[in-house]
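The data blocks that follow each hold one structure.
After this come two complexes, each holding chain A, first together with chain B and then together with chain C.
After this line comes the complex of A and B, so read on.
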């Protein structure tokens, strides 16, 4: 079988674009689980909300994409902080299933809230005119906007890594995943820190959703699919690990891109299979850390 | 027992007085009640949160649907097969899942159920893909609203009685012992892995019975039966009703379905109402509906 290199590169880049979206979606979920210990079932809902907010802010004008995304991320930060303060803070001491039920309730409310505000119809926003034409890579056309998505995800990954490794707040966030009580004893304002982490995670999900709008339509049903995709990425890569989310997103994106070529009907089944295998072999994920056994 | 006999009598007489629609809604309530009670066996007795019970509900339903449409079996005779197939899937999924704990168990059961959903959703030649299997002839008894009502009520009552006996049996105590302190349970000679797997398989088999009933209720089978939101329904019903109480999940399921029918007749925004109710209950009534009735006595 003759493999066309241009086509191969095209599939690879398409997979990379999918991976970029998945990374932005999942990294916030991972951060939130690491710091707050909460599995956020509403994470995909905020992702969906991001796309709707961009549609609303840009008023259907593709040129409004850049400043629109900035506004939407700011809204995401505020919204995340509010949700954490009002709904999550009371349930930190509760059993896990209460937290899951609470975030599932948020999923339901956001899904119908979006229907009330924007209607059930699909919404879309084309790419800005500068990016409307495809770029040619090795003789194959490739949507220019995909490159923007890939660069955006790469920039977020590097900035997030610098933030966590090189700043004091980043140090606290890493510390709070290890030992919340010790950090409190050291005088760090932990409740405010957790609000900040949740707001950051939600802002990233909102950014991820908004960034897909120039290429994909959005509908209220996106949320339940997105949150499962985010779980897969985070579980494969390792809960709480940023590089894990990046690796997980890369693997899932490429499996989908090439799985479609090999066995189109069941490419999504491959992804769930990978998730199950990783959970069996390395439950803490490919780049996650095994849980510390406390005695 | 003084409360339950009159309650059962009322439930037996209801179809004689009610029109068709409320009888059908109650039947759906019984089906979800059985599903939620099955889920709660793993959730309460084993202390594990499964997010994949839709897999057993769905495989039970598809076993019945396929046997009726492809092999021409009479609907009622497919029940043992639905139970067996659901139990087999529970055996395989449980074999891998019950070794893990907490969030990993939840995610692994979710992954397996979603894997089965993806296959059912796309395997057009066998399962009908995303069209599902519509128009299943389930026979005149299960087609009549009252017939299916009594069938569902009988299976729910049998299931609850079974769970009640299990709860009081040595096996029930052993399951809770493993849940509460695995190391000590092992030290007195119990096998945590075997016990968890057994509980998981029984739970899966009961969920398969609920799937069998759902086929008659909708006269169809759909891939949504295996989707993760179906598993979430059982979780909501169990926690809404109060998972510590034997009848809590069933009460929660009936409340869930009745409230759903009531709200859906008035507005299309049922998920919004459900979400707000859940937010309210989680924040202010953490012990569920059964928590209002009284505390379950602390046993074993």
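After this line comes the complex of A and C, so read on.
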């Protein structure tokens, strides 16, 4: 009995670790869509790039993880800001399909860029030695690094929430999703605000990708897989809401972890089933807002 | 203070404004009259910079601001109060004010609560749940807390009950008494008659008449242009 409970907790924590990665990935996609109105197909590519950048910055040394992640997040911020300024800003007034084409082009460019710089082979970096041994929880072994991922995602969720809820810039970000022009007419530097939101979203994706490297290998193919997962999370949770990304990531992480126990070969089917049900019952996502007609 | 020189603007292929000349001086309230579709809102949007000018110039204290984005114009002191009110529906009344508030003048959130005590009562209510009158007070208060040096006020009485129209008129009179220059777009001649010093009458994007308000109210051509 005790062993069963241990196994249950182990699966639950594994699900949380998956959810943590999904959250970091999806919340940026959601923030960017909310503020800029742009569906960023390249989001998974930045996630993949984060893992490669960490590999490159840490130079194969697992002990370089911590400062490596800090450097990678800084690179993500700068890169995000540059991409917004150079590529996205000119397409805001354009029709939606131009914006989609542009972010899709970014996806292709990043994929080939990574192949040129790092080759197509898988890259990996083990966890730092302090986290290499499993921790035992209720008699079941559990990778210590997973706990780091869970804490990291929890910290990001709390900080993001505080930032959006308690700061003036956070208030502007919530407002810009509702009426960009009016916000600008009140004297808020909206162009800079949008640059900041995109940079933040990209930094989160890059962080999410980097944080998986000690547990998973990375290859260029990770990008498309990641962006599809991110879309599933925001479809389930609701686009444009942090809590939606959190709930979507949690449900999908846990469904995968427990689905493996029920039907190992097809655990992903449960995820698609959940998405289908949500789309039928609440097409705007569990915590998303139904579209309102403004008067 | 604020001047439009030969200002033209429009949407897509349609040109709406044709070489508008207009001036708002220190301390005065100027009425911008014209019937539905005359181009009043288009002119105000071009002055604040939400719509690009196709030709002509906007000058703020003789400085050309035509090329500046809307947020820079707002920071320089142009306060824009839109016709549609454009309250952020998912933010509370207080948050609608907080996001706009800028120091540098007499207007604080507490001060606009004194001007509109009703807003203080509903400060935690979501912007999407306000009545028309509450929305109008909030949109005006929200622009005031940016501490503008002049106001562009677009049809503040539209769709409001007579008692609220009276309240808005009192507020505008109070702002005027404090020396706030106001460009007041209206179809309601009676409303502007008691408030404005001068007026312009627009028709199909051109200034047809202008002059002191006391002359305009007597002019039969004004009634005709406004289809009264």
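Rule of thumb we're sticking to: the second predicted complex is superposed on the first by the 291 of 295 C-alpha atoms of A that agree within 3 Å, B and C clash if a C-alpha of one lies under 4 Å from a C-alpha of the other, contacts with A are read in each partner's own complex, and residues count from 1 in each chain.
We take it that a contact is a pair of C-beta atoms (placed from the backbone, for glycine too) under 8 Å apart; a residue touches a chain by one contact, two chains touch by 3 or more.
Given the structure is predicted, the values throughout are model-derived calculations rather than measurements.
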Message: Let's test your reading of the overlay: on chain A, do chain B and chain C clash or fit side by side?
response: fit
- request: Quick one: classify A:97 as touching chain B (first), chain C (second), both or neither.
  value: first
Message: Looking only at contacts as defined up top, I'd like to know whether chain B or chain C touches more of chain A.
response: B
- request: Using the touch definition from the top, say if A:254 reaches chain B (first), chain C (second), both or neither.
  value: neither
Task: Quick one: classify A:275 as touching chain B (first), chain C (second), both or neither.
output: first
Included angle at chain A between vectors to chain C and chain B, based on C-alpha centres and rounded to the nearest 10 degrees: 90
Touched partner set for A:181, first chain B, second chain C, both or neither: second
- request: Name the contact category of A:115: first (chain B only), second (chain C only), both, or neither.
  value: first
Message: Is A:224 touching anything from chain B or chain C once the two structures are fitted on A? First, second, both or neither.
response: first
- prompt: Once both complexes sit on top of each other, what is the least C-alpha distance from chain B to chain C, rounded to whole angstrom?
  reply: 16
Query: Can you list the residues on chain C that touch chain A in the complex?
result: 48-50, 69-71, 74-75, 80, 82, 86, 88-91, 95, 98-100, 102, 128, 142-143, 146
Task: Enumerate the contact residues on chain B facing chain A in the complex.
output: 43, 49, 96, 100, 102-104, 106-108, 110-112, 114-115, 118-119, 122-123, 228-229, 232, 235-236, 239, 269, 271-272, 274-276, 278-279, 282-283, 286
Query: Within the complex, which stretch of chain A touches chain C?
result: 168, 171-172, 174-175, 178-179, 181-191, 289, 292, 294
Interfacial residue positions of chain A with respect to chain B in the complex: 39, 87, 90-91, 94, 96-98, 100-102, 104-109, 111-113, 115-116, 224, 228, 231-232, 235, 239, 265-266, 268-269, 272-273, 275-276, 279-280, 283
